[in-house]
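Each of the next two complexes has subunit A plus one other chain: subunit B in the first, subunit C in the second.
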Partner chain A sequence: MNSLQNRANAVMAFSISAIFCLLGAIAFSALIIPSNPSGAVALDSIKVVTGRYDKNWVDYKTRNNEFANTIMRIDADLSSLFHWNTKQLFVYAVAEYSTPTHPKNQIVLWDTIIKRKSAAVISKRGLNNKYSLIDVNKKWTDVNANVSLHWNIVPYVGFMTYGHSKASEGYAFPLPSGIQT
Partner chain B sequence: MFEFHIDFQGQNLAEQITQGVISAFGVIAFLAGLIAQDIRLSMYIFAAGVAIAAFLVIPAWPYLRKNPIKWLPSREKLAAAAAASKQESSTSDLKDKKAS
Partner chain C sequence: MNLRQVLTNSLNVLMMLFGVFMSYKAWGLYTNCESPLVVVLSESMEPAFARGDILFLSNPKKPIDIGEICVFKIPGRDIPIVHRVIDRHDSPKTGSQLLLTKGDNNNVDDRGIYQELYHNRGKMWIEPKDIVGRVQGFLPYLGMFTIFMTDYPLLKYALLGGVGLVVFLYE
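Here is the complex of A and B:
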C-alpha cells in the first residue's frame, strides 16, 4: 500500500468482496419475508373450433386442427409479493388435464408481467386466451381441466420463487362446434 | 514528485480504515434497505461508503506519513567518513610521535 495505485487497488478489491456479501445477505433475506398472495381463475365459456391456423399455430398441412377458445375471468391480489428484492412478477394462468396417452398436461392460457406494486391487483373480465390451445392428441374430446393462477417472483439478486392459487375444477371441453379458418 | 508514498505505520492504518469503513457501511446498507424495503437505498449507501474509504486512504495524507522510515546513510558517505577519520588518526599519530 505504499503507492497510489496500490491503495486504490486495495480499496476496490475489498469493496467487491464486501458487495458480494451484501448481495448474498439480500438474497437470503428475501426468502424469509412473509407474504399472502391470493388469486383465482374461472372460465366463463369454452368453445372448440376447427381450423387450419390460429393465434400462434400455423399448420397448413392439416385442415382440421381443433383449437379451444376460452373466455376467462381472473381476480388476484399479488401486492404482498413485492418486497425489496422483487424485480417483477411473471403471472400466468394454467389449465391442467390428463388424457389416456399423457397423464399430466399443462397449458398456459394467459400471462403477464407485473413490474410495480401498484399494478399488482388484477381484475379481468371477458379475457380471451392469449395463445392457441391445441392438444398433442389433436382432439379435445373427453378432456376435463382444472385452471389455476401461477406466479413467479423474479428477484434482483438471488433465488427465483414460485407459487400458485387453488385450482378451479371441472371444466369439460365440448365437441367442435364450428369452423374457424 | 509523483511518489505519494506512505510509511509502514500509515499502511497499517490505511488497511484498517478501508476494511472498517467498508464493512460498517455494508452492514448499515443492509439494515437500512431491509427496513425501508428499497434495494436502491442499500446500493447508494454502500457506494457512499466506498467513496468515503477511498477519500480517506488513497491520497497520501500527512496523518499517514507520521512515522517516516529511518534510512541508513548511503555507502559512499560511510566510505568518505571512514577515509576522513583514518586520515585524521594517522596525522594525529604523526603529531604524537613528533611530540614524543
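Here is the complex of A and C:
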C-alpha cells in the first residue's frame, strides 16, 4: 500500500479532483455575482456616401454602394462587471435596424477590449465607425436604426456571458450626399 | 504475464476508452454539436483565447446573435475557425441568416478566408449551416496536451507504448 507508485497515484488523483472542484466553484460562482453595468451610445452625425471602395469593403464590382460614416459618442461604466473570474471585457457598439427584405439586421460599428477594472469607464466623443457600415442591399434609404452598447465577459474559466444596454431612439439615415470614391 | 491477465487488462483499457468515447458522443447529441470540445489552434482571438485553450460548444436552434463567438468551417477547408460574429442579417426568404465574422486580434474581417478557394470566390457571408457550434464555456491551457501530440508525434508513440506496457505488465 505504501509503495512510491501508490503514493504518487493517490496524490495525483486527489490534487486533480481538488483542482477541478475549484475550477467548477469559480465557474459557477461567477454566474451569481450581482452587477450594475450601464452604457449608452449616441450618434452625433450620419453621412451617407456612395462609392466603390471603403474602409474594409472587398467587393469592388458595384460602383454605387452606399456607405454610412457615423460619428458616435459612447458613455459607459462597466467596472461592476470585473470580478475574480473576469479575464477581459469585449465591448462593442451595435446598430440594429430592419428593412423590407431583412427584418432584423445588426452591425458592429466599433469594438474594444477592456482588460482592467480601471479602464472600464468609457467616455468617448467623436468616434468614427471602425468598420464599413453597409447594408446587405447596399442602400440606406428608408432605414431607421437604433444603437446600443453590448459586452461579452470572457472568463478565466467557465461560461461566456453577454449583456447589453438599452437601445437608443432610432436614427434616420439621410440620402447619399455626393460621391466618395 | 499470463494470457488471462493480459486479456483482462486489455478489456479494462478498452472499456475505459470506449466509455470516454461514448460520453463524448452523448454530450455531442445533447449539445446538437458534432464536436462539443475544441482546442484553440491560432492566435486570432487573443487576448481572449490563446493557443491550447479548450472551448465548450453547443449549437442550439435559435438564431445566431451578434457578438457570439462561433466555430465554423468553410466548405472545402477542413480546419474549423473560431471567430466572432460582427454582422447579422436575418433573411426570412431563405429562412436563414447572413453572417460576417472577424477574429478579435485581426484587423480585417474574414471575407479573405471565405474567398480563399476558387470555388468560393465572391462569397461574402456565411450562414448558420456553416457553423459547427457556438462557444459557451472555456477552460484555459489544458488543450496544450493535444497540441504537443500533434507537434511531436514521438510523444504519441511514447503514450501508446506506455499503454501497451500497462496492458502487458500490470498485475
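By our rule, the second predicted complex is superposed on the first by the 180 of 181 C-alpha atoms of A that agree within 3 Å, B and C clash if a C-alpha of one lies under 4 Å from a C-alpha of the other, contacts with A are read in each partner's own complex, and residues count from 1 in each chain.
One rule holds for everything that comes next: contacts are C-beta pairs under 8 Å (C-beta built on N, C-alpha and C of every residue); 3 or more make two chains touch, one makes a residue touch a chain.
Just so it is clear, the model here is predicted, and its values are computed rather than measured.
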item	value
Three-chain arrangement built on subunit A, subunit B and subunit C clash or fit	fit
Which of subunit B and subunit C A:152 touches, first, second, both or neither	second
Touching partner for A:26 - first (subunit B), second (subunit C), both, neither	first
Touched partner set for A:119, first subunit B, second subunit C, both or neither	neither
First (subunit B), second (subunit C), both or neither touched by A:83	first
Partner chain in contact with A:18 - subunit B first, subunit C second, else both or neither	first
Subunit B versus subunit C as contact partner of A:10, first or second or both or neither	first
Partner chain in contact with A:92 - subunit B first, subunit C second, else both or neither	second
Of subunit B and subunit C, the chain that contacts the larger number of subunit A residues	C
Partner chain in contact with A:101 - subunit B first, subunit C second, else both or neither	second
Three-chain overlay, closest Cα atoms of subunit B and subunit C, distance in Å	13
Shared contact residues on subunit A - subunit B and subunit C	156
In the complex, subunit A residues that touch subunit B	1-4, 7-8, 10-11, 14-15, 18-19, 21-22, 25-26, 29, 83-85, 156
Of all residues in subunit A, those that touch subunit C in their complex	23, 27, 56, 58-59, 87-88, 90, 92, 94, 101-108, 111, 113, 115, 131, 135-136, 150, 152, 154-160, 162
Of subunit B, residues touching subunit A in the complex	3-6, 11, 14-15, 18-19, 22-23, 26, 29-30, 33-34, 36-39, 42, 46, 50, 53-54, 57-60
For the subunit C and subunit A complex, residues of the former touching the latter	47-48, 65-69, 84, 86-93, 98, 104, 108-109, 111-112, 115, 122, 124, 135-140
